[in-house]
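Got a structure for you, written out below as structure tokens; questions coming shortly.
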Amino acid sequence: MAFPVRTCALVGRFADARVAESVATLVPHLAAAGVTVLVHSQAALGPAPVTRVAEEDFGLRADLVIAVGGDGTLLHAARLVARHGVPLLGVNRGRVGFLTDVMPQDMLASVDLALRGELSSDERPLLAARLVCAGGKVAEALALNDVVMQKHDTGRTLEFETRVNGAYVNTHDGDGIIIASATGSTAYALSCGGPILEPHLDALVIAPICAHILSDRPIVVSGRSVVEVTLLERPDTQAHVTCDGMVLGALVPGGRLQIRTAAERVTLLHPPGQDYYKLLRSKLHWGRGSFER
Amino acid sequence: MAFPVRTCALVGRFADARVAESVATLVPHLAAAGVTVLVHSQAALGPAPVTRVAEEDFGLRADLVIAVGGDGTLLHAARLVARHGVPLLGVNRGRVGFLTDVMPQDMLASVDLALRGELSSDERPLLAARLVCAGGKVAEALALNDVVMQKHDTGRTLEFETRVNGAYVNTHDGDGIIIASATGSTAYALSCGGPILEPHLDALVIAPICAHILSDRPIVVSGRSVVEVTLLERPDTQAHVTCDGMVLGALVPGGRLQIRTAAERVTLLHPPGQDYYKLLRSKLHWGRGSFER
Amino acid sequence: MAFPVRTCALVGRFADARVAESVATLVPHLAAAGVTVLVHSQAALGPAPVTRVAEEDFGLRADLVIAVGGDGTLLHAARLVARHGVPLLGVNRGRVGFLTDVMPQDMLASVDLALRGELSSDERPLLAARLVCAGGKVAEALALNDVVMQKHDTGRTLEFETRVNGAYVNTHDGDGIIIASATGSTAYALSCGGPILEPHLDALVIAPICAHILSDRPIVVSGRSVVEVTLLERPDTQAHVTCDGMVLGALVPGGRLQIRTAAERVTLLHPPGQDYYKLLRSKLHWGRGSFER
Amino acid sequence: MAFPVRTCALVGRFADARVAESVATLVPHLAAAGVTVLVHSQAALGPAPVTRVAEEDFGLRADLVIAVGGDGTLLHAARLVARHGVPLLGVNRGRVGFLTDVMPQDMLASVDLALRGELSSDERPLLAARLVCAGGKVAEALALNDVVMQKHDTGRTLEFETRVNGAYVNTHDGDGIIIASATGSTAYALSCGGPILEPHLDALVIAPICAHILSDRPIVVSGRSVVEVTLLERPDTQAHVTCDGMVLGALVPGGRLQIRTAAERVTLLHPPGQDYYKLLRSKLHWGRGSFER
């Protein structure tokens, strides 16, 4: 992270009223601090002291990226900066997120700390997905939360095999499978019965989606593993692969999907007093309103 | 059920080798018994003493329908005969199904009992789904197992509301929702954390699919309930409704999906000694291979 | 329910400060309304215009019972009045309960409505448990929520069989089993993976506790069923049976536990605007604080 | 492991007929190979060429320990040798175990390989539990699978707090909590909704038992963590702590339970062709008998 911060990129769905409100406060604040503000060239933003550039250039030009919105916005921002080591700050739109942990009312104070390099930073590994099509064509992408192989269209379930470091694990029958990082363990994988992983645990969760076999349970493997998914022939089978919710491509019988921990990492900035378990307690309603037997 | 059985329709994917093998045995056996055998006009069947008619006519012309294949085949046959009271016998292709409970080796003996009206019969209620589009257009279908509203395409999760008999139940966030009959409780709903319902319990299961909120658990309501699902506005939301896996149509914000128990019922025939819990023990590997702590 | 209400019994842990506070308000309010107030002969209550009688006499002498505390207190009160048809009103101590649904601030208004017979009433079936020891000795009790057979002492798991109406269901291996009424489906059974049952559904939940076999899932059967549990011989096996948390006795190999819906019912009174799904939404944090993917 | 193996200890419930049968074959086989066979001084064994010593001496005197029985027997053997580095071979009594992975029919061949030092060996970390009573008294024990804090007697649920490396995690309400090693993840923790951990993953599972709060889900933390459990004051609360099922003592309000990975490890010997995922597939019925929708 370069200090002092001279250039800051803003990422968000600016058309959303709550996001727009935060951005309207944020832009003059940054400008007053002498910081150049970058936004997407197509950003739905009125006249403002900003510089419009292609999002793909944020990684090269910005010293700091601020994502305003939900976790989905931060995941998008993470892809933009993954290869450039630019730190990310996530401001949520109202409800605290697992990744966007700055509350709106604390935004300016947290941004000021970020500009001075006084926020604590937190490196999170990314997942690298490699999708090899039957014809040999390869598609690749990074993901902070998860890589998901899932039935496409509302159709029949999928039958597929998993391997870890080349060793055959299981033949699954169900809606698909999630390979999540520790960071992503509290996202989609949690809805599918996966465990919560400490964010810095060097491990991956392999969580089947709506598995037919009730004992087909989530597996936690070392973060240094290579997980491979292949699809069995079945009539009408259609499977799509997504990285953090973005479509990477179709998995077909004969092709294969490989997931491993990437060399790239994302640097998240956290507000003072941030505490992972406090975040969990808040998000998961732990310890509140328990019902009495 | 009309006796003696003079006309029997066969339903199955005849192109499947295991199905074809059973059918090759079955057709001459029925013919030798003086029974007219109906098959789909497009059935992939070689020269055989069969009468080809449109599937839609099975309900009117057959005294008995034999479904050869998996539970999916029987669900298809059930739709063909639902309004006609023609009994159904399900012959599985190798692995016992929840619905196709005649083993291949017992096929001829069970068929003979069926022809003489000596199999026990078992009436199962159907679900009636009514999908009202925003423009007022209505699509309707019956289902033996379940009606499913699910995200279409590999996209964002759905936000939707449920009502039971007009009373607001919950606002859900997830991949969709299943409304299953007691019969369907051991199908998709079981993979989504739903309970097993006795097949003759007059009740419905409402089971969310991969719900975000971990306390958004399956609810069991009276079989006389009307369940209604409506979709909230969210960007990129696409939802499809299926009945026993067949697409009924798209649910969009402003439209609604209503599910209730239908007036129609399906008559299933069962082989001697059939026992629901025995079937469960076999399908779910109960009491076998338990691991020791 | 006899009107006007002349005698009202109060049930609660009066030693608890929050309960005492409610009772201190309630007693003079009832006395001023000309109602005789009964309390347990050993009740930890200072000088007050109350009549002390044995709890066992509440059913015979009271026209109304008010349970102040959590759901556990109401379950206790339900046992006292089950055979007498005396209605029950539950006032919770702060957090809303599934059964004690009158909030402290609404207590006096709800009590006034109860005295005038203007609260809606709601009949809930009870479960009847019958525990037959190896020697033939029989113990019986009623339960509003559930009958639980569970390993006693921190020891080895139990191996046991279940039957429904005499039909063998399964041989289980685990910590025990819960047979819950629809009312009790949101209590212990919910923590063990059971579904939520509409409170008036005529059904029972059979939910294994920490089952070894991962496919040993909760089953919902008709409320007219007889469920039987027997224990297999295993070294060091110890099992206890509880009804709504109160010990009924020990189940030993050779003995058997039978559960069915009792003839007795409990009449619960509910405050105006009570809505079962609203209660669920509040207790289970539905629709609030969902996390974003 | 000392070679050649001169002394071998046998551990098992010799009174069990199946165990006795294996032992009757094993003892002369070992004797013929010139190996001294040690058994517990009180072992229920007829005349045989064995040396009876206190079990506590197995660790010092044996070069190899063979556990004949279920996983419980191997856990017992593991405690005997934990501090001595003596390798363990587990022979199961019929059903394959997660730890006793030598099938009876392969016993002699595997034992011969073990005597020649030709079996693959596999080091598994142990857990160290430290139970501090309110008065300051300390009890300590090792566990290969898990340390469990659980309600004692069939009583009220427990309210307790967890901390990881001193950081407050959650206040739980339920039947107790399991801290399992990767090895123990497929034992009790799996029955409580925990994930499967690769056996060599340096991690612990913290899995609540029948938690009231439905979002109180299993957490996976680094194997270098210290997990602490403390009990809150609640009337009638009784909690017991067990290590691999053996009672360590009572946890009371004011006391605390600490679990960390021990310095000691256990060396397990595995038969040729052993494969962890093959074991899982066999134990969990993966890929077999899937039901069709």
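Which chain is which? They are A, B, C and D, in the order written, and residues in each are numbered from 1.
We adopt the following convention: a residue touches a chain if its C-beta (ideal position, glycine included) is under 8 Å from a C-beta of that chain, and two chains touch if they have at least 3 such contacts.
Not measured: the values here are computed from a predicted model.
At the interface between subunit C and subunit D, over half of the residue numbers appear on both sides, which makes the contact a same-residue one. More inter-chain C-beta contacts link the pair A-D than the other of A-B and A-D. Rounded to a whole number, the gap between the C-alpha centres of subunit B and subunit D is 45 angstrom. Separation between the centroids of subunit A and subunit B, computed from CA atoms only, is 38 Å. Inter-chain centre distance (subunit A to subunit D, centres taken as mean C-alpha positions): 37 Å.
Among all residues of subunit D, those that touch two or more other chains are 188, 190, 212-215, 217, 245, 284-285, 290-291, 293.
If you sketch which chains touch which, every chain touches every other chain without exception. On the side of subunit D, the complex with subunit B involves touching residues 70-72, 95, 97-98, 145, 186-188, 213-215, 217, 245, 282-285, 288-293. Touching subunit D in their complex are the following residues of subunit A: 157, 164, 167-173, 185, 190, 193-198, 200-201, 203, 205, 212-213, 215-222, 275, 277, 280-281, 284-287, 290-291, 293.
Touching subunit A in their complex are the following residues of subunit B: 148, 150, 152-156, 174-175, 188, 190-193, 209-212, 214-215, 240, 242, 245, 247, 284-285.
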